[in-house]
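Structures for review follow.
Two complexes are shown next, each including chain A; its partner changes from chain B in the first to chain C in the second.
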Partner chain A sequence: MKPGVRLANAFYVMVLPAFLLFFIFHTIPVIQGIYYSFTDSPGYGPANFVGLRNYIALFTDPRVLHAYWFTFLIAAVATVLVNIVSLAIAVGLNGRIKFKNGLRGIYFIPNVLAILVVGYIFNYLFSNSVPALATKIGIDSLSTSLLTKASTAWIAIVILAVWQSAAFNIIIYIAGLQTVPTEMYEASNLDGASAWRQFRSITFPMIAGFFTINMVLSLKGFLQIFDHIVALTGGGPGTDTESVALLIYKGGFQGGEYGYQSANSVIFFIVIVGFSIVQLRVLQRREVEV
Partner chain B sequence: MATTLRRRQDGPGINWWLTALLMVLALTIAVPLYFAVVTALKTTDQLGGTGFGLPTDIRWANFADAWRLTDFPRTALNSAVITVGAVVLTLLTNSMVAYAIARNMHRRLFKILYYYFVSALFVPFPIIMLPVAKETAILHLDNRVGLVLLYVVYGLAFNIFIFTAYINSIPQALEEAAVIDGASTWQVFWRVIFPLMAPMNATVGILTCLWAWNDFLLPLVILSDPGSATLPLVQYVFQSQFQTNYPAAFASYLMAMAPLLIVYVFAQRWVISGVTRGAVK
Partner chain C sequence: MLLVLALLAGSALAGCSSDNRTTITFFQFKAEAQQYFQQLAAQFERANPDIRVVVDNPADPETALRTRLVKNDVPDVMTLNGNGTFGEFASAKIFRDFRDDPVLADVNPAYLSVTGSLGAGSKGEVNGVPFAANASGLLYNKELFAEQGVAVPTTFDELIAAAKKFQAAGITPFYGTLADAWTAQSPLAPLSAQLQPADFFQQRFEGRTTFAEGWRSTAAELAELYRYTQPDPLSKGYEDGTAAFARGESAMLLLGSYAVPQIRDGKPGFTVASMALPATNDPAKTSLVSGVDVVLTASRNGAHPAESSKFINFLMGTKVMQDYCAAQVAIPTLKGLTNDDPALTGVQSYIRSGRIVGFTDHQFIQAIPLGPLLQEFLITGDENTFLRKLDSDWDKVAKRRTWGLGAVIKS
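For the complex of A and B:
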């Protein structure tokens, strides 16, 4: 198109409002957050500049360190599980099955439900139904609620996270599987390749890009885990199941730690970006190799 | 895609074992939903045990209780207004921004703008939630209008990403023809480009709808007036206030999930293909 003056004006008008709104509601908050991270602001009233004190304090605060450890644990386990589960189900749903569309429709359902609301249903299941069921059939280890102990509550959180998130990942994997030409399977069938061999040598390499995307998005999503924990444990018992996002919310809005949690946000941002970049690099290198 | 599907389905032999296995696994989806339904229909003294049994005495009044306690008509209307507002405004504005950027990527300003918007993909919401809550309160946007605005702005990063990829696949010759016929840039966009973007608009519309309807964190930190609470937010409040009345709580969960679930049942294939399209781009 000819870049005439009138033409360009219209394009500027198209992007200007979006730019302004984005700047006001995204960039300014980011800058403000960074600014507050160097203050002792409780979230209201005057604040003093404290330099790096918040940042130094973060690294020795057991509650903060625990939140990071807990968030990494959940994110790592859930990311791996979600991808195994959804890839397996997607391969199944892409096979020669009856009721293909109906089954795909069912497996996508969790993605149209609010995590918080589903979480409350799971909360009741974990704290009442599962113990009752376990008592009935005599599994002692499950006869008390998973949610009341920190050592087991994370399992319940991972189960909910995987249940909800698999739905979306399955659809993306199915989209990936449909890009694999069927001729490749026909050829390998003639060569007498087993199903597992076909998966390893054809399917998986062909959808490596989708695997990368799902791994990166899953990890990034689970590192921000919030709704799941609010619905299942509220961060308890004590602060044992607090994720970083929940800690920022609680400390920042209710705990008078606005400046301190702003510093935590900045660290959290660096951590998430760092993880995403490393993961992308590693996974993409693997993509090239296979 | 359609041809592969057909060929596979017509191929020799349906794998019944695999079908059965997938149907059994699908119970993991069905069981919690079944559980929610039966619990919502019980009286409180029928609770206890594993809770999977059917209600012996159906209590429809749970729904009436939930309706009243959560102020359902108002709450559902809040959710609906916010969701519709977010979807409509997102489609009208984000597509336009993407168009302007996609067609001017050779200009440095627009290229910078593209990376500026897309870089927001790396900024998770918890990082800006404290300042945004403060800012919206100061600007008197700690309400439904502010929430709609934030969904439109925060969707921009991802939407620009998939919209521009799609616009690049639309041949520019179409626009040039319209320009020769005397159409202005605006006319080209609304009459030629916007209609051509229908598949991507559907994708973005579906994703925005699911997000705005189900979101909990943004309403939690932005909305200050309890009267403008959305469905997920009110479940959160409800939870602490009505701890013991589980049947009413479950009735309210069902009522919160129902609207989108019903839409999904009727528009299933459409929703799934929309999401898939977003993923492949």
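For the complex of A and C:
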């Protein structure tokens, strides 16, 4: 027997457990969920097959449509902000500064904290500390909690989301920045390029791949936003800050509309995959051009 | 070392198998009474050495129970809140039919009809045993009322006048806790019960009336009450409210008797009193909203029906119920038992004379976001939008579901 064949077998054996786990705990539930999306099951007890009725009802349900709109808003704003913030911090942390490693550690902390725990702390800050401070300084617009108005609650959610996920993006950007050869900066220095010019013409194009990954991962993550909202507003005031994931949880598990929200999950799954593919294509084409 | 561990594990397993007691699971929803029920279970185990009771008291119990139901893992014995979710589960044929069970013999029939109106597996079934009831009216601070010379209001106008008087004296009349959206349902229930047409929900289930018609005055009065809260009621929740009330920061609290243990938690000697919430200007029309705070029930097809019955009978014992109600400031459901807690004095006459109605909000299943809609309404004050959204959400859910909503009336 040729050694190559034996090697291939070994690879299959190594991949098999992961494949089985993925299939049992991911693929089968997905298929089950698709099945439930065609029933009126509450998740238990008797259920009937209802065809496409759940899907039709979804597109005429203002609560569902609002959740999609709200999720897209949060995801778009947070994705842009988190990339600006983390790229700026990463460039700073990559420079010749004191306590570089210590600072890098500190900036990474939000990533290891549980979002729910941090969320409740932010909730306290937004509903008590910020208004108290604003009243003292005399900023009327901030004297009531951001979380209590539909028009401002999303800002609080974005602040928490960006704060928390910047940590991970910073790490990726720092990794990216370290792949840029220092000779290029030395050469551009000799040519008299400004710091901004260096960033625009050397740094940013050189880390385009990392930018793509960060954009795709952030958008995917923020589309599934859940814990932040649970901790800050619980979907309120009213149902104004309900994201799609929260609505699926609330309606499916608390509201007893398992079938209906399964249909919503199927749609949401397609939407997220679609977004990620389009985004990846567009951003990677940009990488090639540079 | 490994050998020792293996031996230990072996002996532990052997220990389990030599224990030939029957194990029943007891799902307990009430977080406040967690320890209390655990002690009761231990007491029951001592009296019945052949039965082991495993008490399961999860956080967010309704969701936890739903996830267990998905796995077809129905606990043997359960305590649940007598609300819309209970009715929903009952109509999904999850619970046992207690119709002919002698345990119901001494239960006050008023409470049986309250749980019956929530939903049942089929017509005539009784799917739960009422264990403790509550009174949802209005809690007030006796000392502040005496200090300001305000008499206990018996009409809606008097209630508003009292609120104005407190406000003029610089005391918050009602403490708003809208961060927990459900708290607004507490005053909603007595207001709507007194102001809606008598057969309103039956008509609504049949699609012959709307909330815009039947609940207009309810919405107006509810909005009026919330005009007398502290500024920014949306940033405070249930626990903030009970704590602030106990500190004397507000004269009244729009919550029921179930909040009393929480209020006394930090301040045991606090003189909290209660009254029925008047919605009209005719004191004779005032009724008390009383629901079943704790309903006992068992799995329909449980593996240990005899042991489960034994445990339910034990919990329904006179002494157990009396003690529980005293500890939790609840109203006993057995005929002849009363609770003399001073916090219940103001509503006692309604209970004795049976001027009791069930919670109207329990007719809403969870899929209709009543709490969030109320929260939004009380911030914006936009009555028309609220009633319209309530109607459209109700119709939408009714249209896309083939069961659940309205099962009460059909059965």
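Convention: the second predicted complex is superposed on the first by the 269 of 290 C-alpha atoms of A that agree within 3 Å, B and C clash if a C-alpha of one lies under 4 Å from a C-alpha of the other, contacts with A are read in each partner's own complex, and residues count from 1 in each chain.
The definition used in the following text is that a residue touches a chain if its C-beta (ideal position, glycine included) is under 8 Å from a C-beta of that chain, and two chains touch if they have at least 3 such contacts.
Predicted model only: the values in this text are computed from it and were never measured.
When the two complexes are overlaid on their common chain A, residue A:Thr79 makes contact with neither chain B nor chain C.
Of the two partner chains, neither chain B nor chain C is touched by A:Thr241.
In the superposition on chain A, A:Phe168 contacts chain B only, with no contact to chain C.
Once the two structures are overlaid, the count of chain A residues touched is higher for B than for its counterpart among chain B and chain C. Residue contacts after overlaying the shared chain place A:Ser276 against chain B, while chain C stays out of touching range. Once the two complexes are laid over each other on the shared chain, residue contacts for A:Lys136 go to chain B alone; chain C is not touched.
Of the two partner chains placed by superposition, only chain B is touched by A:Gly95; chain C is not.
Using the contact criterion defined above for the overlaid structures, shared-chain residue A:Phe253 touches chain B and also reaches chain C.
In the superposition on chain A, A:Leu223 contacts chain B only, with no contact to chain C. When the two complexes are laid over each other on chain A, chain A has residues 43, 128, 253, 258 in contact with both chain B and chain C.
Contacts from chain A toward chain C in the complex involve residues 40, 42-46, 48, 50, 53-54, 57, 60-63, 127-128, 131, 144-145, 147-150, 234-240, 251, 253-258, 260. Residue ranges of chain A in contact with chain B, taken from their complex: 1, 3, 6-8, 10-12, 14-15, 17-19, 21-22, 24-26, 28-30, 32-33, 36, 43, 89, 92-101, 103-118, 120-122, 124-125, 128-129, 132-133, 136, 163, 168, 171-172, 174-175, 178-179, 182, 210, 213, 220, 223-224, 226-227, 230, 244-245, 248-249, 252-253, 258, 261-262, 265-266, 268-269, 272-273, 276.
By the touch criterion stated above, chain B contacts chain A in their complex at residues 1, 4-5, 7-9, 11, 13-16, 18-19, 21-23, 25-26, 28-30, 32-33, 35-36, 39, 47-52, 93-94, 96-97, 99-101, 103-104, 107, 110, 113, 116-117, 120, 122-135, 149-150, 152-154, 156, 172, 175-176, 179, 184-186, 189, 210, 213-217, 220-221, 231-232, 235-236, 239, 246, 249-250, 253, 256-257, 260-261, 264, 268-269, 271-272, 275-276, 279-280. Chain contact summary for the complex, chain C toward chain A: residues 62-63, 66-67, 69-70, 72, 85, 88, 92-94, 178-179, 181, 231-232, 234-235, 365-367, 369, 372-373, 375-376, 379, 392-393, 396-397, 399-404.
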